[in-house]
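The data blocks that follow each hold one structure.
Two complexes follow with chain A in common, the first pairing it with chain B and the second with chain C.
This part shows the complex of A and B:
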């Protein structure tokens, strides 16, 4: 803690060759949050290069009018892959990577709450990336855009497997993000060091904590939509196919109900980074901590209800447009509050213009511009004119690159010393910075004007209209500057990793806990933690005569609930979001009946009987938990067996229902009732089945006598999940079976 | 009837309502004397009267579903909130009511008030029968009060902790948003009375023509009102919880 530096002991000197080999191989099997964080960042960097090269090729095609460098279909494939890669394989992994590495350090934790779940969440990213890119070998990459609008994404219009791989890949990536988000929430709630109360959390941690809630609510919405799309494509369902009564607009609703929170999911890690870097390089605490923290919550809540502004041009009607316009304008308020906070932090500070700060200042200016053009898209008439033009392309690249990538660059320069023990070169960093600023603004500022001149987006080439040629050429030249900047970054990383200046524990004189340990931190993160009474524990140590005022009650006691229960409750919230979408989709089509079979085909009395079995199983499981609490093993096993039997009986009942429908020739592809019915009840049945598997595992464990006193929390957590599955069935039963009786 | 005439002549001054408000005011004075917070009570009564005597009420009475929704939101969210805020800190619920202060009951009351009264049969009945309408109004006020008690009870100890309060409000917001989404996208009328209004005031042609409110668009606006502005009310309450949390105990400087 005294700031002296000991070079980390090289494993090569301590280990024999076999152990050394294992130590290196252990990167593949690691559950250490720091290594996983690095893996996230490297994966993100790799795909950043891939997506960047795709962008470069796209811009070369667009450099001159009437260009035939790329075939139209190749262009579409590349621009789909560019968007999907940058969003799901770059921005999300890099954000999660920084969170993975630094969030546990910032709260003084030893690791994430669930280290193995953490590794699982990470490995889904390369897996998803491979699935996505495998499409190239399986008949061609998807060519439908990252938004994959129906009905273009449906089989009649995209007959190769590209869209299927796209959908499966995103499904997998979504599961990975949700797993990591659950981990983040459980870590922050259950793994804080003594004294690190929720009100003392560093802003990076707080903002990403809020972000995790957005992830668990928004990603399941996408996954529900992807499941429906896959059912359409693989099982001949009809959800999004208009000529069978499906709704292409429904896809847009589902996609943007995910897609708008997704914008904030991507930008929140950037907000967190900027909220850490600007105070350190202004030598002042953040101005208005509570406002930055609370405005994050406001943005998170609002972001769920503003997706309609992506659909003004779809024809939702004037009423819906007006409401979404207002709510979209409102979201500018908490965002503006943040910008004011960051700016006010700099005012009167002793600014240090190191590379991280330079990137943050550029972030502020560019994010402000992104926000202004963003607000213009909340204004319906203006949106009508500019939505499908390059104006919008410029806008969202100002968010995605001007804000997010710039903040990530800041984070790389800020935290690389902590991760590697060595400083990045300031000189190369300034080259990267200026090339990036020049290249980025050259590429994207001009695109606003291109859009206002009427150049549509998503086109593979364009006619030689006045000014379009030189503007596009300028834009393409800018990309070359950005590519050079990326090369400088990679070069800097490679050189500095081996030959950079030794960093020491706290090279920037920062104040949060990650700087209280060695660089890189030891496996267990901290040998000893400083006392935590404020938001800047390291300031308090360095300035004992004028410490920060104590935040909240002067105590080092913190509540840390059971992590298993916290994790499972969080998981239940995300499952609830998934089922909510399936239920709403069912209702949507129920209200628009199609010819063919309908709810009348269903056997209500029999289903009620089987439902009673399922509801009874919640009761028996509860009895089993009580028996476990009283240490009565036989009774616990008996009730558990009964629970599993009742659950099994329910599944048999569902099977009978399905069998009868199949007998009368009703399957997923019959009509929309059948499609939505089988999807909803099928996913519920799948969850019952998985619950049964979990209970069987518990039965086995209990049989072996594994449940020592005080080890029952996992069993209770499984119980929560089982009860949740039953509650979902209450809603399914009411919607699918009872509601038609009221007609 | 033109819009101007409509806005000026359809205030439904009801002696009973005014008497009720006057009695409420007198009762409040007798109970709390000067300990009460009169401004909040005034707010509650003003919003209450506005909801029930202004042209909004005339429109909600069989013409416009969206006007009904405005009334509904005012009665279930705004009036009870002001009422609870007007209570002095010393106020305690009489014994039999304390059972109603369980958070689950409060949540069910708040969300149930939204869902229950939009069951088509009940929504229709409340619009056509004045007796049921009175029951509806009363129940909305009571359920709204039960909901807000968890957040706005007079003493801090009676309220949920800020974190629990945020979860309480956010889930309620979600549950109501889902109903709003269903109303917005429903192709059938949720409350069929509003489809073919009986034109007692001669305003229907203005509504359909000049205001451009077809019955479909009307229901859409109603759904959107429940979806978007109502969530903003919950959001405001969430922000208030955060403010309360961050303004929590500040120890003396000397402790540091």
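This part shows the complex of A and C:
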């Protein structure tokens, strides 16, 4: 497999200048997963430089006590942008970039399941990044921290548009992440090569497959919260305004119900990378494949129930504190199992210390420390001292930089040869590594002690208390080393891209399928796939005398479900998470009734009638699908028209309800009943409307006779979505209209 | 020198956390040494040489997996037991009525003593050796009350008062800060807790309860007049001055008795007070007190008046 020694052939070399230019421009319209992966990575690298410069400026301000380098408001904007940028515009895009490039290759697919959705998901990232940064021109960047705690983030305390741009940008980025996650799930389920059973998936793919489920469940929770925050800010709602009956703590629950899964969403790609690199450079298979895979599922499940450990100091009460303490302690177990398996993989191996492995070893030790200080935050009384101090800053930078960024650096050195056809310089790589190790640890180890000495996070300056001065200076000096390391990385990328050693197909003698094709891989990835009968197809080829044991049954064909249906079902799961939050918020305020209008203003009998229309439309759509299946075009069109009519009637009914409320002076800003009622039913109505638009498109297509029988899966998928919207209404109806009758 | 060192606890509550921290740290160090030891051992023992054949391929061991799942589980159970015990010790249920009410404002602390009626700001006096039940509230956004040597930290949530216990075993000055980001000047929302012998604390309380001295002599009297005519009273209270009872900003009845200005940004000296009054937005940009553009003479008069409020 190591045959290629000539320069990587690119179609670009065969083109005349005009075609050459066109070839370049094609990057903008590409739907190729590899190009999109590279676009993700370059976008991530760009924002990594932006966020890194922000960090550098922040640390310069903090180098000495009572420094006047930055104005306080500038500092506050910078740390908000630094956190938001690094999380949403660096770690997430870079993780998704590697997944985009290598997940299809690892499973022997030609592309992602939905190439155009893939491009859509990517382009939302620069769009979101521009929205976020546009706030700087529109009155100032947000200055509320990356978790934007209410009520500081509400209009009375943050009156410029920074928070609005922040919220809209994150909403857009969230949609992009959900789109990509749906694509990942559909790709893994529907696009695996023959022989690539779920039990043979490379761990990078497996872990990121699990991660995609976390994304579709967690990101919609954030988006629900952002929608509520924007309704507060733009439409004078009251969700998170305590002096109007809203709840500051509710924002925290919503944000961290997203935010803690988000921590794992960020770290899972890193776990995947390390699970690939360590075996290759230990020359052994991963120790305990099943346990590494299963522990990922355990972490994903538990991650949905640990958010309260961010809130041990807001006064949740002893019972809730205890619950979140034990759930957060438990999540340490599967995480620990992973670290031990990675370590055990090295034991008994023949370790090669190339740059990717160096970064993984540093990852292991730094992530170990990050995990341990993480456990200390689950021990509630310790959190009561260390939370919101520099101890916490040190902890999460050990995760975000010490683990995630180190793993990403490992991945860059590991996979750059595959992406470019050329090796990165080992010499420059070792400079990057050592500067990074020294700089990172110099910056962040000391911050644990600063926190214990009482220094809070997010202060633009500080008094000259004992030891604070020299500790902060040391921390700032460390950043300079990291900045130098970043320069070495960028320099290495630039130089090696043009002048690096030719890589060949499989420079590391690795075993997964991305190494079974050329570097870079051709369009649609593979000329021919090797047989897949174990987790390491290329090991089996290289060592025919001692191949890996066959994993599972040796089927050559894989029954693969329809990708459109898989995609839409996944989308429905994410939508369900979104509506669950809106419903819970409604119930939260329903349980705390306020003076003013309440559910008694609503017209229950009329709503029941209109609800029947909506429910009937599910039936008529089902009839339409049957008619399509039986090739009866007229009948299909008839039932479809009836469905659309019934849906339209329902919207009219909802409009009448709104109109009556407006007439009596009730709007979204009246009180919390009104705010939560209009938000919940409004978003449902919006979904009905979008469903109607989709059905109208289908009607138009069917009318034109454009509906080949093979397209029926798309129609069925739209049907799933329509039924889902109706089911949501069952819950809304029960909660908003029927529940008060039971009182 | 005064500090805010969580590793130097000065109250039973803070000590409970510290003791728990010591036990936990021993466990953590053991975990780190064992696992990092394994990694370092692998690095040195299994370093590959050029041209060596591939090592023996083995892909796991279920017994080992079970062992290293069960041992962490036992550690987790142990830490959870410590957590439950630590919560009770560091944070007992509050007293029926608080001894002290601390209210967070952007960017200062209001302290009310319900039993005596004393109201002060940023500098909290407590009697040494006595546990105080403290209610924490907020007038605007989230803040967080953190004096590491004396107590756990706790967020002040508008509309949802929280309670903690605070105590200082010995007289002394203990430093703390707002630790939840609360806006532009979050950095200068610091706390000074002064623990005194009970008799001294009682004397302090009595002194605080006195209304402000009436300014009789020039320039202090002119300063008082300026205070009354320059909208100062819209925000600041001075007991004894008719109409001056707003609590938007710190109570100034005994402002000169306090150690600091602007929640920690300046030492409280007449010269610094003049500097503050001249241009508060320059001293503490973003503070909710506007610049009044006082003339030099007015500044002298106001400073002289505030200096009488001891």
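Everything below uses one rule, namely that the second predicted complex is superposed on the first by the 735 of 743 C-alpha atoms of A that agree within 3 Å, B and C clash if a C-alpha of one lies under 4 Å from a C-alpha of the other, contacts with A are read in each partner's own complex, and residues count from 1 in each chain.
In the analysis below, a residue touches a chain if its C-beta (ideal position, glycine included) is under 8 Å from a C-beta of that chain, and two chains touch if they have at least 3 such contacts.
Note that the structure is a prediction, hence the values are computed from the model and not measured.
Applying the stated contact rule after C-alpha superposition, one finds that A:286 touches chain C and leaves chain B untouched.
Judged by the touch definition given at the top, the superposed model places A:642 against neither chain B nor chain C. Within the superposed three-chain model, A:352 lies in touch with chain C and out of touch with chain B [touch as defined at top].
In the superposition on chain A, A:72 makes contact with chain C only, while chain B stays out of contact range. If you count the residues of chain A touched by chain B and by chain C, you find the higher number for C. In the superposition on chain A, A:317 makes contact with chain B only, while chain C stays out of contact range. Within the superposed three-chain model, A:326 lies in touch with chain B and with chain C [touch as defined at top]. In the superposed model, A:529 makes contact with neither chain B nor chain C. Using the contact criterion defined above for the overlaid structures, shared-chain residue A:438 touches neither chain B nor chain C, since it reaches no partner. Residue overlap on chain A between the chain B contacts of one complex and the chain C contacts of the other covers 289-290, 318, 326, 330, 548.
By the touch criterion given at the top, residues 1-7, 14, 16-17, 20-21, 24, 28, 31-32, 35-36, 38-39, 41-43, 45-49, 52, 54-61, 64-65, 68-69, 72-73, 76, 79-80, 82-84, 86-87, 89-91, 106, 140-142, 144, 146, 148, 152-155, 157-160, 162, 175-187, 190, 264, 285-286 of chain C touch chain A in their complex. Touching chain A in their complex are the following residues of chain B: 163, 166, 170, 173, 177-178, 181-182, 184-188, 212, 217, 220-221, 224-225, 227-229, 231-232, 235, 238-239, 242-243, 245-246, 248-251, 253, 255-256. Considering their complex, residues 71-73, 76, 143-145, 149, 151-152, 156-157, 242-243, 247-249, 282-291, 313-315, 318, 321-322, 325-326, 329-330, 332-333, 336-337, 339-341, 343-344, 346-353, 361, 364-365, 368-369, 372, 375-376, 378-382, 384-389, 452-454, 456-463, 465-466, 543, 546, 548 of chain A touch chain C. Every residue of chain A that touches chain B in the complex is listed here, in rising order: 198-199, 289-290, 293-294, 297-298, 301-302, 304-305, 317-320, 323-324, 326-327, 330, 533-534, 547-550, 552-554, 580, 584, 587-588, 591-592.
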